[in-house]
Amino acid sequence: MDNHEQLRICEALLFASDRPLSSIALAEQLPEGSDVEAILSELQKKYESAGVHLVEVAGKWMFQTASDLAFLLRKEEEKERKLSRAAVETLAIVAYHQPVTRAEIEEIRGVGVSKGTLDVLMEAVWVRPLGRRRTPGRPMTYGTTEDFLVQFGLNSVKDLPGLAELKAAGFLDNVNTSRLNLLSDEEPDEEQPDLPMDDDESSSEEQVIS
Amino acid sequence: MDNHEQLRICEALLFASDRPLSSIALAEQLPEGSDVEAILSELQKKYESAGVHLVEVAGKWMFQTASDLAFLLRKEEEKERKLSRAAVETLAIVAYHQPVTRAEIEEIRGVGVSKGTLDVLMEAVWVRPLGRRRTPGRPMTYGTTEDFLVQFGLNSVKDLPGLAELKAAGFLDNVNTSRLNLLSDEEPDEEQPDLPMDDDESSSEEQVIS
Amino acid sequence: MTEKNDSDIDDFEAPNPLLSKSDDLDDDERLIIDIEGFEGPLDVLLALSRTQKVDLKQISILELVKQYLEFVQQARALRLELAADYLVMAAWLAYLKSRLLLPEEENEDELSAEELAARLTYQLERLNAIRERAAILMSRNQLGRDMFARGAPEPVIVTRHHTYDLSMYELLKAYAEHKTREAVADIRILKKSVYTLDQAINRLSDMLGLAIDWTSLEAFLPDGIEDEQLAKSMKASMFSATLEMAKVGKADLVQKQIFGPLFIRGRKQEVTEDEE
């Protein structure tokens, strides 16, 4: 099978899908030993100036319309999801701090997270539970999904804009969830006995965005 | 807007649309006086050797996987499935009582035979219709196939062990010996007076496995 | 598109629609009017800190405390309902203010007033930073808003072929099980505890010859019937049989009292006539 044919196969598969496809899935349809990565970059180049682009999102590949044509297509999209301010902020906290507990989100925002906020984000399939933290109370942690990465055109959470600056400024350090942590480090549980957690322990066992 | 830009717009619109677009609909998105037909044929030419083609269907335009690559979109999967208890029993009854109608199978089993049960056996190519019986309602009769004989290593259905042999082999251990005489296969008609059949007559018009 | 994105960010930084519309009011009044639009005390503090028009790092905490306490006071004066969060923050800020103003006591167990103030600043900065990121995130080109996936994806059609496997043993076992069930069913069917009228008539006809004198119906019933159901059935059938026999003139019936015993006597036409 010549190179052009392999390109056509990848083109057809990616064109036929409305979801990103991994290079592994594409390789399955090609002769063994095919250089999928090379084919994909050739394909990407082929569509560089077209109305449709080949983009890498969530570590996978998909065709989507060129972003400079958004003005043209947006007219057709009548229902734009309008997120509340609380939801947008919560989404950003989940994205940058994941895995993050509800108590930590509340601490960062300085206000309780209404039940609907996380629900809306999970309904949009942008946020998902990641599992419980192995700390007292075993609180559920949350993180972002593949759909989130696809929606915002990110290849991975490491590509979140301004992640390095946030980290350098120490804003992604462990969140002390005792609401009045300003008062004292020593007795954090007194004010919020229902959400005890030990951040030092947790950070070692959970994936941390680096 | 230059020609290339108009081409890109058509490309993006056709890609993002969930249905074929007429050239009139496309023209609405282009500057007045644009030659949509010319743009479309240029676009069609551009994709001529690609994995995706621009095709005209019923006067409207859409992208479609190149027909020589359509095989990519069809996957064949072999999956081994287990026969249900009802299916195995039905198969056994068909084997021992063929040619047998569905009503007779139901009568013998004492429960209804779901349509799926016979379908599964026919899908497995172990049971096939043998023809219609010349009785009121002209019911279809069923029998076993060549594949059935191959599967079970039999030369003919006559090689299936009889009841006495089954008993000797220990298959009928739970049955009271004094009752075994009731298990005779020889007089099935006595118990099915509502299903008149003349075996001599029917055997002449039905294919009999030899 | 750029315009739209910019307006998104504006929206985000000035979250309260009322706030932007009430430019003629001074800051504090605006804040109070929009109390409903705030997302907690940190949000209020962040909004207040902006009025100082300096970098968050250089913010005057004392000034911020003063502004916040005034905000809470005015809200109460206007009888606005304040959530407990706001009051807890007010209390804490008042405490911080007193610590900042009073000469610091040496206490190793407690954080110094400066450290506490630094923490407040950190929290405000952190919230501010995440909000900026949120705005940047939302202004990115989004799939389904700015870019679009294939509108009519061509699905992969999976055809599943099923294969089946079955051993001779399984086949024969199924047939044997079926036959076993059938046999059990036969046994049950034979346990019919009904004594038919025909059986009763036959039995009565046979026995009536022996009943030259009046004989109780019970005497005609067979002995040793343990099945209660069958016994009842026999009694009923035998009773019917006596009625039948009397009707055809083969027997006489007598019952001397209601619910009393029923007596039967055979009526052999010639013999009885002779005797009488």
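Lettered A, B and C in written order, each chain numbered from 1.
As a working rule, a residue touches a chain if its C-beta (ideal position, glycine included) is under 8 Å from a C-beta of that chain, and two chains touch if they have at least 3 such contacts.
It should be emphasised that the depicted structure is a prediction, and the values quoted were computed from it without experimental measurement.
Comparing chain C-alpha centroids with the centroid of the full set of protein C-alpha atoms picks out C as the closest. Averaging C-alpha coordinates per chain and comparing to chain A, the farthest chain turns out to be B. Chain geometry summary: the mean Cα position of chain A and that of chain C are 32 Å apart.
Centre to centre, using the average C-alpha position, chain B and chain C are separated by 37 Å. Centroid to centroid, with C-alpha atoms defining each point, chain A and chain B lie 43 Å apart.
Counting partners per residue, chain C has 148-151, 154-156 as the residues that reach two or more other chains. Touching two or more other chains at once are residues 15-16, 63, 65-66, 73 of chain A. For chain A in complex with chain B, the residues that touch the partner chain are 4, 7-13, 15-16, 29, 49-52, 63, 65-66, 69, 72-73, 76.
The touching residues of chain A, counted against chain C in their complex, run 15-19, 57, 62-68, 70-71, 73-74, 77, 80, 83, 85-86, 88-89, 91-93, 95-96, 108-112, 150-153, 160-162, 165-166, 169-171, 179-186.
Contacts from chain C toward chain B in the complex involve residues 148-152, 154-166, 168, 170-183, 185-187. Remark: chain C residues 1, 12, 15, 39-43, 85, 88, 92, 95-96, 109-111, 116, 119-120, 122-123, 125-127, 129-134, 136-138, 140-151, 153-156 touch chain A in the complex.
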